[in-house]
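What follows is a pair of complexes built around subunit A, which joins subunit B in one and subunit C in the other.
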Partner chain A sequence: MALLDIRNLDLNIYGVPVLRGVSLSIAAGETLGLVGESGSGKSMTALATMQLLPRGASARGSIRLDGEELIGRDERAMCALRGRDISMVFQEPMTALNPLKTVGAQVSEVFRLHLGAPRAECDAWASQVLERVGLPPARYAPDRYPHELSGGQRQRVVIAMAVALKPKLLIADEPTTALDVTTQAQILTLMRALVAEDGASLLLITHDLAVVAETADRVAVMRRGEVVEEGETAAFFGGMTHPYSRALLEASTHVPQRRPRVAPGTVPGTAPAAREGGPILVADGVVREYRGRRAGWFRPAGCHRAVDAVTLSVAPGESVGLVGESGCGKSTLARTLLALEAPQGGRILFRGRDVSSLDAAGIARLRRDVQVVFQDPYGSFDPRHKAGRLVAEPLHLLRGEIDAAERDRRIARVLSDVGLRPEDAEKYPHEFSGGQRQRLAIARALITRPALIVLDEPVSALDVSIRAQVLDLLAELQARHALAYLFISHDLAVVRAITDRVLVMRAGIIVEQGPTAAVLDAPQHDYTRTLVAASPDLARALAERRTRAMPAANGRSADAAVPSA
Partner chain B sequence: MLAYVGRRLLSLAVTLAIASAIVFTVMEILPGDPAEVMLGTNARPDTLAALRAQYGLDRPAPERYLAWAGGLLQGDMGLSYTYSVPVTQLVAERMWVSLPLALIALTLTTLIAIPVGALAAAKRNSATDVGVMTATQVGIAVPNFWFAMLLVLVFAITLRWLPAGGFPGWKAGAWPALKALVLPAVALALPQASILARVMRSSLLDTLGEDYVRTARAKGLTRAQTVRRHALRNALIPVLTIMGLQFSFLLAGTIIIENVFFLPGLGRLVFQAITQRDLIVVKSVVMLLVASVVVVNFLVEVGYAAVDPRLRRRV
Partner chain C sequence: MTHPADIAPRVPRPFVARALAHPSFLLGGAIALVVAAMALLSFVWTPHEAGAIEIARKLRPPSTEHWFGTDQFGRDVLSMIMRGAVTSMAVSFVAVGIGVGLGVPLGLLAAARRGVLGEAVMRANDFVFAFPALIIAIMLRDVFGPGAVNAMVAIGIFNVPVFARLAYGAALPLWTREFVMAARVAGKGGALITLEHILPNMLNLLIVQATVQLSLGILAEAALSYVGLGVQPPQPSWGRMLNEAQTLMALAPRLALIPGTAIVLTVLGLNLLGDGLRDLLDPRLARER
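What follows is the complex of A and B.
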């Protein structure tokens, strides 16, 4: 008998259907990967199982845990069940813990609540659980507060609370989406180990097919509130029947068609595509430091070196990737390159001239030639302005070079360039979807006809299929306008797809650089190797699965790169 | 934590020094010569000069500032121009009316606002919530002196439960004295409680939407347990800020309320001192009010650090 059995689950929120006839089951000790785009109903299925639905929600159908119906169960009984038989790990570790309580107390609370044991005993158990999730009390005192821990450590604390009482079912809703690749790999390994030790079932919700291929026994795909396909993992990847599953797979392994460029990694200045000869932007030994907190009233403040003697250059038409974990100094370097912040050491050269020596006109020239696109464009759009006005914003840099008619022509042109319609200029930002807003941000960057666009995690917040579309758009725009990109990302798959050359950054230092394929296929530096190994990779995960189990997964294989074992 | 308190104390001292300089300067710029006020407009110039010399009014301003500030530090506020008694003595008598009044009002504010606001948030969109929101809207809109008169009409004149005004003094016993302070304290507290209850409600609502509240529910805590153990303390942080600000409103409010209820408090003292050009009394009482506001805000900041571990390390 299945441990969790969801049958014909319908869910409405204020009358709006969110889930339609969802049926899923998880056997004891089994891991089910639940994939789908945002808004497909994955999280609502999890919250329905926890009976922690938002206001206005009404569920019909059946959710049975160990044969017992959960829908309509009395709230008292559900409270006794949550945290003991079913527990949940959420996406955002930074905000999932109460900032005013020590992590030890928050873990201990689970024991106190469900077992009613004395505080000292519960605290001792809490220490044991923290040790189990890789936070040994000797090194990570349980009387620390959440803000004293990193994102990965906080997620370990959340996991500690979830597994404290060895629940039968653990639900993990995008548990690693907010984390760096190396941390993600550690957390996934930890969860797999814990679930295996306790013989628990795991419902793993994710949008990342590679993570599912690594972890899940079975996969279910959701779309618009319905389960469209379900199957054993190897068989699922071997013979997807539903077109949506195939589209999802195609999108997540998508490599945009890029017109071959002049030999990637060409020495700057010799690129034939160069419009004005030399590189557009050069960083020469750039150093960025932040003053730290003063240790005492009379002791000087220490310094934190966010960017340490970084040298790089971007030639016209070239696509350069910059990868590294959060906090490694990528974005600080980007701000310095955009001349938004002055470096403490080294120089930034824009078309051969030192940026610090530029006058106002020179800076304006730099701003129109070097544009930027950020991860979350919504925050950078004034919600009261129409798209046309937002997109036209950078035109003030042209200082009256163009008249109103030309301005309107340009707005229409960039909108159609990014796959929107010229009529969309009359819409407000909230009328666009997330992917369309990112297109809008790209249009805004294009309107001054720049030579270089700095893209800071431009697709990280997007669903896989939208991400594939935006990557296609970027590749096409690059070919059409001979654009250069500086592409900042923590996602190696994306960097591989869109860049010619890559720089790997760690703690402010460039540790390795070279042609993208060469660096990612045969990393030389230890850190690059760690990054590559930690990055979820569908082909590799499936190959490992095959060598592990030698299943009967014949037929069309999802990976062409790795020969069958 | 100790270093944090030390830094806060230092900034408290600097604030007081700056405030005293400003209070002194403003009093210097104000027109009106205390000696002329005391002796009348047809006093002889040599008598005026003698009086100025007696009170030290003929010496240069920086010297008088230092003498005044130095005196304040030692608890000496100088002699009142009108009453010719030490200001300290005048203030001390009236402090025992105003300080209890403000503290009772602050306590009432807190005791009313926090449970009412929390209840409204916990029962969001219910009849209770709507009732609380309507009542607090009225409470904010109605001026406290009008409310004071209403209270007198009902509780003093009609029901005869409490005195309509005046203060028997603490020597008459704690109970009669407290009885005299009840109506003024309620009149002071209700508008502030209305504001604070709304702050508490929206703060708790924000907190209830936080991820860690969901985490707590996933652990198996009931809704009520989640509010008590996780949401309430987090929700109190913004409430504490507003409380600190409200204390100065309460002090300022005493000036009006003490006049409505004929209470011999600091508010009445400063009001009379201004009309009589008794600048030394005005200066000292204003400084005292400034000091109490600054001290309360210091306590609020220490309270922050006690509540929120994230603040203990910061500057």
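What follows is the complex of A and C.
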């Protein structure tokens, strides 16, 4: 019998259907990967299982754990169950932990609440659990507060709380989405090990098919509140039948069609700047420092060097990638290159001229030629302005040169360039979806007909299928307008798909650079190697799964079920 | 062209519909409207001439002729309350005007030009903030003598750092937002960005704060007039009515209770209105309701 058996679960929130006839089951010791895009109902399924639904929710159907019905069970009974039989790991470890309590106390609390044991005993158990998740108390004192730990360490604490009582079912809702790739790999390894040791079942919710391929025994795909396909992992990837699953797989591994670079000057009327020779933008030993808090009255403040002697150049029509983990200085470098912040050392050259020596007209020229697209499709627009006005904002740089009619023509043109309609100019940003907003952001960057666009994590906040569409759009625009891109991302797959050259950045320093394929296929620097190895890769995960399955064919039931894979 | 996976987000309910369903906004708005209507009406009509002394009918209890009775000089209390509403509103409106007019630009300037100038502006604000309105009024009286204008200026000066801090605090995070970055990349300067992006996005906060400061202004005007620093006789004022009623507390408590109730109701109304506006204008709450 299945450990968790969800049958025909319908969920309405204030009358709006969120889940429709969801049926899932997880056997004891099995890992089910629940995949889907945002809003597909993955998290709601998990919350329904925990009976932690938001206000206004009403669930019908059946959720059985070990044969016992959970729907309609009273809150007190659920409290005893939560943490002991079912527990949950959340996406954002900072908000999942209480900032005012030490991590040791928070883990210890799980034991006290459920077992009512004396404090000293609970503390001792807590130390053991922290040791299990790779935070041995000898090295990581349990009397630290969450803010004193790194993101990965915090997630380990959350996991420690979840596995403290060896629950039968562990639910992990996007447990690694907020983490860097190298940390993600460690956390996934840890979770796999813990679940295997305890013989627990794992419901792993994620949007990343590669993560599922690495970890799950079975996969279920959700879309708009329904499970559209379900199957054993290898078989699922081998022969998915539902068109949505296929679309999801296609989008996850999507490589946009990039036409060969347009020879400068062959497309009349586009990007006249591209015809001028020489790089558009050069950073020459750029240093960017932030001053820390002063240590005392007479001691000078310490410095944090966010960007350390970085040298790079972007030529017309070229696509340069900049990869690195969060906090490595990528975005700071981008702001410095955009002349939004002044460097403390080194020079930035725009078409051969030092940016710090440019007058107002020179800066305006720079802004016309170098535009930007930011990561957050929600934060990059003033919510009070209509799309047309937002998109036309950079035309401020051309004031006096173009009249209102030309302005309107350009708005209509860039909107259709990015796949929106000219009528969309009359809408407000909140009327667009995330993907459409990112198209708007690209339209805004295009309107001055720049030579270079700095793209700061432009697809990181998007679902895979929309990400694929936006990448296609970027590739197409680059070919059509002979654009150069500086593409900043933490996602190696995306960088591989869209760039010619790549620079790998770590702690403010460029550790390796070269042609994208060469760097990512045969990394020279240790850090690049770690990064490449840690990045989830669907093809690699499936290959590993096949080799693992062969000797272990008579081992775990889930693997044995598909000798044909 | 639409994209299949793009689902349009829910549109929040219109402002008017939400406003009409919000109890504290409705109650507060109604009280504020009544007080405002009373003040306006007093310009064209009061039951009796406000402030007209007629010793013969002093200390009459409430009757059909004098709804709230008369005071020790035979003045009609209702007429005084109506005229007093004008004083209260005028003083606190002008005071909020001074606070917004000086404080908001200072705060915006400090946020746009951080560093030495911003620090100087904000520390100067801290300095002013250290003096309560009462102290400022006493200082002003020593220089210019007491009067309604001085009360307005004193409360206004007190309001300046309140609005400066609010504007500064609201502008700082806005300056780091991506849409402001985008505006800078579009070549716009500090002044233009402040006008186009920063100020409009903090308008909600300013409106709410202005409502709250309005009620504090009414309270402050009453307090200043009570201690004799505000409006001078014969101009009616709720605060001074309280003061004059003090010696008659045992004889005619209503003379203190009526202006006291007027102050409490008006302040309560404006605070409810401010609370309601904050709920209605805060977009995060707007989706919930």
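Basically, the second predicted complex is superposed on the first by the 534 of 565 C-alpha atoms of A that agree within 3 Å, B and C clash if a C-alpha of one lies under 4 Å from a C-alpha of the other, contacts with A are read in each partner's own complex, and residues count from 1 in each chain.
By definition in this document, contacts are C-beta pairs under 8 Å (C-beta built on N, C-alpha and C of every residue); 3 or more make two chains touch, one makes a residue touch a chain.
All figures in this text were calculated on a predicted structure; none of them were measured in a lab.
After overlaying the two complexes on the shared chain, residue contacts for A:F381 are found with subunit C alone; subunit B is out of touch. Contacts of A:G39 after superposition on the shared chain: subunit C is touched, whereas subunit B is not. Greater residue coverage of subunit A by touch, when subunit B is weighed against subunit C, goes to C. Legend: residue contacts after superposition of the two complexes on their common chain; A:C79 is shown touching subunit B, with no touch to subunit C. In the overlay built on the shared chain, the residue A:R444 is in contact with subunit C alone; subunit B does not reach it. In the superposition on chain A, A:L113 makes contact with subunit B only, while subunit C stays out of contact range.
Judged by the touch definition given at the top, the superposed model places A:A96 against subunit B, while subunit C stays out of reach. Legend: residue contacts after superposition of the two complexes on their common chain; A:L52 is shown touching subunit B, with no touch to subunit C.
Once both structures are placed on chain A, no subunit A residue is touched by subunit B and, in the other complex, by subunit C. If you check the complex, the residues on subunit A that touch subunit C are 37, 39, 335, 338, 340, 363-364, 367-368, 370-372, 374-376, 379-384, 390, 393-397, 419-421, 430-436, 441, 444, 463, 465-466, 469.
Within the complex, the subunit C residues that touch subunit A are 1, 3, 5-9, 11, 177-179, 181-188, 192, 196-197, 200-201, 283. The residues of subunit A lying in touch with subunit B in their complex are 50, 52, 75-76, 79-84, 87-88, 90, 92, 95-101, 109-110, 113-114, 145, 147, 158, 161-162, 293. Listing the residues of subunit B that touch subunit A in their complex gives 210-212, 214-222, 225, 229-230, 233-234, 307-310, 313, 315.
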